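Here come two complexes built around chain A, the first alongside chain B, the second alongside chain C.
After this line comes the complex of A and B, so read on.
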């Protein structure tokens, strides 16, 4: 059944299960919500690749697989290249008429965590985006190397404590700010780039569909709260995501053709970042008086970024 | 339909051009590559065949060799014929993905134009990159000249894609000495070539959605060992397939290939065992030794580096008295790796001949006929004495004082 509507969550969530529920992701992990939503967005055939990371190690442990579609994992860094290699082969075989079903539409999607997207796989991602392959890359951004026990990545926000950027008596945690991957991907001139969140499931589904329908390389950064490393109760994943989008720590927006910016979600009552940070163990130390300046800095950066997004949207350039 | 490419019965091609023509004639669907000296012309030429309609495939230049092999893995898992080329540092950068390609049993053909590994930086030919690939689970075949680079590239697709093999395969040729030296090459017609290679039959095709396939799963201590054992067995079992492909190739071209090549070995007492273009020089040296010194010299060349033909090496060398195994790669604190393979084969033979090791030709240092003759003469001294009269490992063709290591207990 082709999906034409995303109005009914119950119908949508049971629609087209190509990621089996049997996997070993942590209870409360947002990864499976995001991946299932992508796979529920389309009835087209899917070739999916994954970088090494939580999603990969939790869905394909021999002799089992959770993937009821074509799936490939090579290494930590090269999911974008793996899936675009398949995309090129699809083009040639379609031209030559050597596909098992020459008319069936196929979509090519790569998944990576923030470690493989922002850090180790950055070159492979950039190369695939520049070459203009017809594929969608989705980053499952949980802001740390969760699969290896919570090390800092260049997606980890300033002030968070991680195993390799620890808060302690002489440290407030990570000293560096998060890399702006969405802006970098937009700067590649990609036809569709967005930042989406699983609590705003309708805008996420629409964004995914837009990316799949758009010809050329599309990039989506998704917020994927990590119950284990962000340190919150597994039942609170969507609540934490709500705090992320209501505080504008994760603004929801898209950029078309590298310049046309649209804000996809505008909180009615913007909350202070304290509420978002305070709900997670990784930021607990920031609430000591000597670390207050870090929270103030985060808030000020959020405010500036939100102003920038709004001005860019108004400017229509 | 592709535009017809006019070929003469005899062409003057260098090894790179010869390999690229094989890719065109094998109707390779996708080449994903990154340029590096001296292998660049192979993929450049494929790109020009695509640009001019001589082939109906796709050429993608990516941002690194690691990405090149990653893309080849994705493309090969998507069911079509895939090839690329590299050398040296590019090969080293690919190393991670080489293991993944073979573990996934993807029949990619990689043309490796052998070149030294830095540091110091060096663009010339030695076998350091070839040795780096020796445990990667790929089949490895060596061409000694441009004709062989062409012939073996065609054979490689047929061997790698064979349903019982399904392993990636490297075809090696020596940087510059083979890759950039124009020689006579007798190509097949396009029709003969594609009929010989055949069409690829996809297995576990990612684009066959009636049968979803998972590539690159994880196995820990419960299954990893079984997978790697099966992979090793597949490599070992490729030997009869290689032999039958060579036999079929001989039928249509008259050109004979063997996993171990023997030259003047009928009655040879002293032997150089070599790889790559060195073999041709050693053959001239052997002839000279026979004609001028009456020394019964012969040459054994390893065509098939992986799977290593231990039994055939032992058979080829069973009557030899003194054997010089030549390694064109820095041994890094050990015997040459090739020496170790040949020694392992000969230790299990009945008459355990004398085996010594020569490290030579690093960074493209020329291996001369005179050098080959010196090595043969020294082997005759060992043979006459009945023991090794020098250190076991010597550096040959090195400037400055003689460098030699490892003493023998036999005297």
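After this line comes the complex of A and C, so read on.
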């Protein structure tokens, strides 16, 4: 596979972008940072599919496409289905020798938002993982149904206000905790599963490359801060991602073959989750005295999860 | 870099940003599009596009590269080559593919695709910064001539 150098940013920057500008994602949206990085970490041909969501509608504004690759625009739930169908077709045609260039390396990638990944496309994704196709599924996790106005998803953390789980005099926002999609995907026995973040560009590029190189179904959850629904200034996307990884609200780690866990980033000074929550409008109400217990709960869950990750890593099983 | 160099089309022979999003080339109403029609994103053979730089590619009028979102901007980043260390932070984190870098060098901003989010300014590590936000209508020379001095570290 023609992976590109990610030794340092200067070398990485010599890659030729394959996601073009004049898409219509909000200024400062992290979705395109993540997608650009995926496309820049290889020179191979790419066949990409996208579930409906912000990325999909914003990169295919009729009559334009922002994709310099084969790209399949599909329903809310079937990016995994569509791209694994293409993968099978490619395999068969390769065997028969009926491809225009039988030796050209091709990688198959699906992008889905959290709404489509954690909820609506969940069984389609699970099926594709179980069938063992050679593809990589990347979830752009902005913790809400952003494209339709910010409804809660099963990726929305407890305490966030969303248009369907609103904070007010009688509610502190969403009552349920976030689903642990990384653990669920690892439980499929997938050869490579990871959680990555765009502020840590190098571990993200390396993780993407690992997933592309690994034969079989790989899954990556990426943190994708959403300036509109998380309510922060567009210029602060990377700063917010820093707070997410420094507070361990989003730990960065990988799981190989469903069991071997490696932590990919260890903050030198772990910050309190207050700093992360306080930087976003969607958590503003939690700082009222009567909601303090929710912040305390989030913090104690983070602490427990971090302990669990470290123990799992030490166990080397 | 001189003001002229920043203003000119950084990439030669190029059809970048020609059309507004609402008037793409060959645009017909959706009800006139017949089944099976194909809108190619490149003219001719697109093989090996990953190995070609933007200025070497034959973008068709259906590639959003040829469209512009410049009208979205109310503030714009201005680039000062004198302070830049070519670290490429701005390149890796620009969400709109609007930092033009070639051969490990930052060349300037693609004002047809930049939406003025300000991310590049935030991630620029130099002191003073090599990128700063100004009002969309501020002339480049005014911005560059009043560039701030190096800031002392606050204690």
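Some notes on this structure:
Simple rule for what comes next: the second predicted complex is superposed on the first by the 309 of 317 C-alpha atoms of A that agree within 3 Å, B and C clash if a C-alpha of one lies under 4 Å from a C-alpha of the other, contacts with A are read in each partner's own complex, and residues count from 1 in each chain.
In this section, a contact is a pair of C-beta atoms (placed from the backbone, for glycine too) under 8 Å apart; a residue touches a chain by one contact, two chains touch by 3 or more.
Being a predicted model, the structure only gives us computed values, none of them experimental.
Overlay on chain A: chain B and chain C clash in the combined arrangement.
In the superposition on chain A, A:126 contacts chain B only, with no contact to chain C. Judged by the touch definition given at the top, the superposed model places A:61 against both chain B and chain C.
Within the superposed three-chain model, A:28 lies in touch with chain C and out of touch with chain B [touch as defined at top]. With both structures placed on the common chain, the touch criterion links A:163 to neither chain B nor chain C.
Looking at the shared chain after the overlay, A:201 reaches chain C, while chain B stays out of its contact range.
When both complexes are overlaid on chain A, the residue A:49 reaches chain B alone and has no touch with chain C.
In the superposed model, A:89 lies in contact with chain B only, and not with chain C. In the superposition on chain A, A:307 makes contact with neither chain B nor chain C. Residue contacts after overlaying the shared chain place A:101 against chain B and chain C alike. The clash between chain B and chain C in the superposition falls on 225-233, which is one of the stretches 117-125, 153-161, 171-179 or 225-233. In the superposition on chain A, the residues of chain A contacted by chain B and by chain C overlap at 45, 61-63, 65, 67-69, 101, 104.
For chain B in complex with chain A, the touching residues are 29-30, 32, 56-58, 60, 62-64, 66-67, 70-80, 82, 96-97, 100, 205-210, 212-220, 223, 227.
Residues of chain C that touch chain A in their complex: 17, 21, 24-27, 30, 39, 41-42, 46-47, 49-54, 57, 61-69, 72, 86-89, 91-98, 101, 103-104, 110, 112-119, 121-123, 133.
By the touch criterion stated above, chain A contacts chain C in their complex at residues 9-25, 27-33, 36-37, 42-45, 59, 61-69, 101, 104, 198, 201, 233-239.
Taken in their complex, chain A has these residues touching chain B: 45, 47, 49, 56-57, 60-63, 65, 67-75, 77-78, 81-93, 95-96, 98-101, 104, 106, 123-124, 126-127, 130-131.
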